[in-house]
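First subunit A sits with subunit B, and in the next complex the same chain sits with subunit C.
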Partner chain A sequence: MPKPEFIYISYIETTPEKLWEALTSSEFTKLYWWDTSVVSDWKVGSPFALVLNGTTTDVGEVLEADRPRRLSYTFQHILSEPASKERPSRVTFVLEQYGKLVKLTLTHEDFAEDSVIIDGISKGWPAIMSSLKSSLESGSALVIPFDALFIAELEEVYRA
Partner chain B sequence: MNIEQFKPTTVYTIYIAATPEAVWQALTSAEFSRKYFFGNAVKFDLKVGGAFVVRPPDGSVHISGEVVECDPPRKLTITFNVNWPALIEKLGPTLVSYEIEPAGNAVRLTMTESHDRPISDDILSGGRQGWPAILSSLKSLLETGEPLVIKMEPPRAMLEALKKLGVATP
Partner chain C sequence: MTVTHDNLDENGKAFRNISGGWPVVIASLKSLLETGHELIIDPPSVTPREKADA
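What follows is the complex of A and B.
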């Protein structure tokens, strides 16, 4: 069996610099990521966190930050068990100029054996990446309620 | 055709700020597909058993197939066979399914490519490269009125794998 991983490719009419900003700015992520802020100083070895309404939902450590080309961090969901007991997985964004576009490749991999977060991860990222693309291209993020994603665990977390 | 025998090999999900009807129309009309699908015109006879063809601007038939499921504006399943000599004989038919579901102020479009036998990652790389480009452009077209300009060649690994199987590629 190949190791489980989630790969999502998106083509976005923007610049690598703007896309980098959208992925790393606390204010920008709130627009398209269900009001979630990414928090980090983006230095290699620095902490990374996702924060919603003052509550930290996920944590990690910056592994690579090569602006505006490559961003990688470890990722651990901490709000609910058993996910919080899993060792961290790894998220990597690769930004490539593609003609007048940017090709964004997201890879989420290195999951713990029998990881319970893969299902939620696989359903959540397409919504986040779609909303990111909309916010950069049309100026309006998408409004996608959690119950439309069928991620039971996340629903509880975010409604709490 | 028994679609139960087909196993998903590539799934791409994208959320689009549009109505299910608009997404359905974009998927099934040549006027739209020419803009987001590398210039290709799709033509559907939208009933089960109806014909499906994809023609590039030169008018040749690049892909052909048949409608397997048709439930507008929710679900459309088609066979999707690239017309390269010996391809279907070597790889079997390709099944493509589009599912359209409301999700907040958007719709979730899920494209699933399935096969009825094991297919190598090299051969699957064609679809895995192409679908994100096609559907990213479809989303841009519906949300902004403008498709993306994406130039793309078939992946070398796919062409080499097909050649080894004896499939003639252009």
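What follows is the complex of A and C.
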């Protein structure tokens, strides 16, 4: 059986530098990522965290940070019990410029066997990436209701 | 919007091309609806691997 992985490709009318900023700035991610901040100094080996209203929801370590081309970090959800016991998975963003566009390829892979997070991951990323594209192109992010995602577990955590 | 394109041969050329093609079309559709203009994407640049394989 092939290893489970999540791949998302989008094309955004922006520059690699602006997209890099959008993926790595705590203030910028709050705009399109349900008020979540990415926190890291983006040096290889440094910690990475997602923080929502003062609560750290996910942690990892920066594996690659080749601005503005490649960004990669390990990823571990720490809020719910089964997920926090899984070994970290890996997130990689590849940014390629084509004229006025940037092709963004997001790969989330290397999941633990029988991973409990891959379902939520597969539903969450499209909403986040869709909102990111809107915020860069139209200047305003999307407000996507959790109901649209069908992630019961996350819904509880984020509504609390 | 959820698009499903199934019953494809996983090792086939169609599967690879479709996987490269749909993201372009969907990204452009989203831009067109939200900003009023489509994305200008040069088709050959989308599948550079295709050329290398040929």
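Methods note: the second predicted complex is superposed on the first by the 160 of 160 C-alpha atoms of A that agree within 3 Å, B and C clash if a C-alpha of one lies under 4 Å from a C-alpha of the other, contacts with A are read in each partner's own complex, and residues count from 1 in each chain.
Here is the rule we go by: contacts are C-beta pairs under 8 Å (C-beta built on N, C-alpha and C of every residue); 3 or more make two chains touch, one makes a residue touch a chain.
A quick note: this is a predicted structure, and the numbers were derived from the prediction, not measured.
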{"item": "Overlay on subunit A: subunit C relative to subunit B, clash or fit", "value": "clash"}
{"item": "First, second, both or neither for A:A148, with subunit B first and subunit C second", "value": "first"}
{"item": "Contacts of A:A127 with subunit B and subunit C, given as first, second, both or neither", "value": "first"}
{"item": "Partner chain(s) touched by A:S138 [first = subunit B, second = subunit C, both, neither]", "value": "both"}
{"item": "Set of subunit A residues, in rising order, touched by both subunit B and subunit C", "value": "9-13, 98-101, 130, 133-134, 137-138"}
{"item": "For the subunit B and subunit A complex, residues of the former touching the latter", "value": "12-17, 101-106, 108, 132-133, 136-137, 139-140, 143-144, 146, 148-151"}
{"item": "Contacting residues of subunit C [partner subunit A, same complex]", "value": "23-24, 27-28, 30-31, 34-35, 39-42, 45-46"}
{"item": "Residues on subunit A engaged by subunit C in the complex (per definition of touch)", "value": "9-13, 98-101, 103, 130, 133-134, 137-138"}
{"item": "Residues on subunit A engaged by subunit B in the complex (per definition of touch)", "value": "8-13, 98-101, 123, 126-127, 130-131, 133-134, 137-138, 140, 142-145, 148-149"}
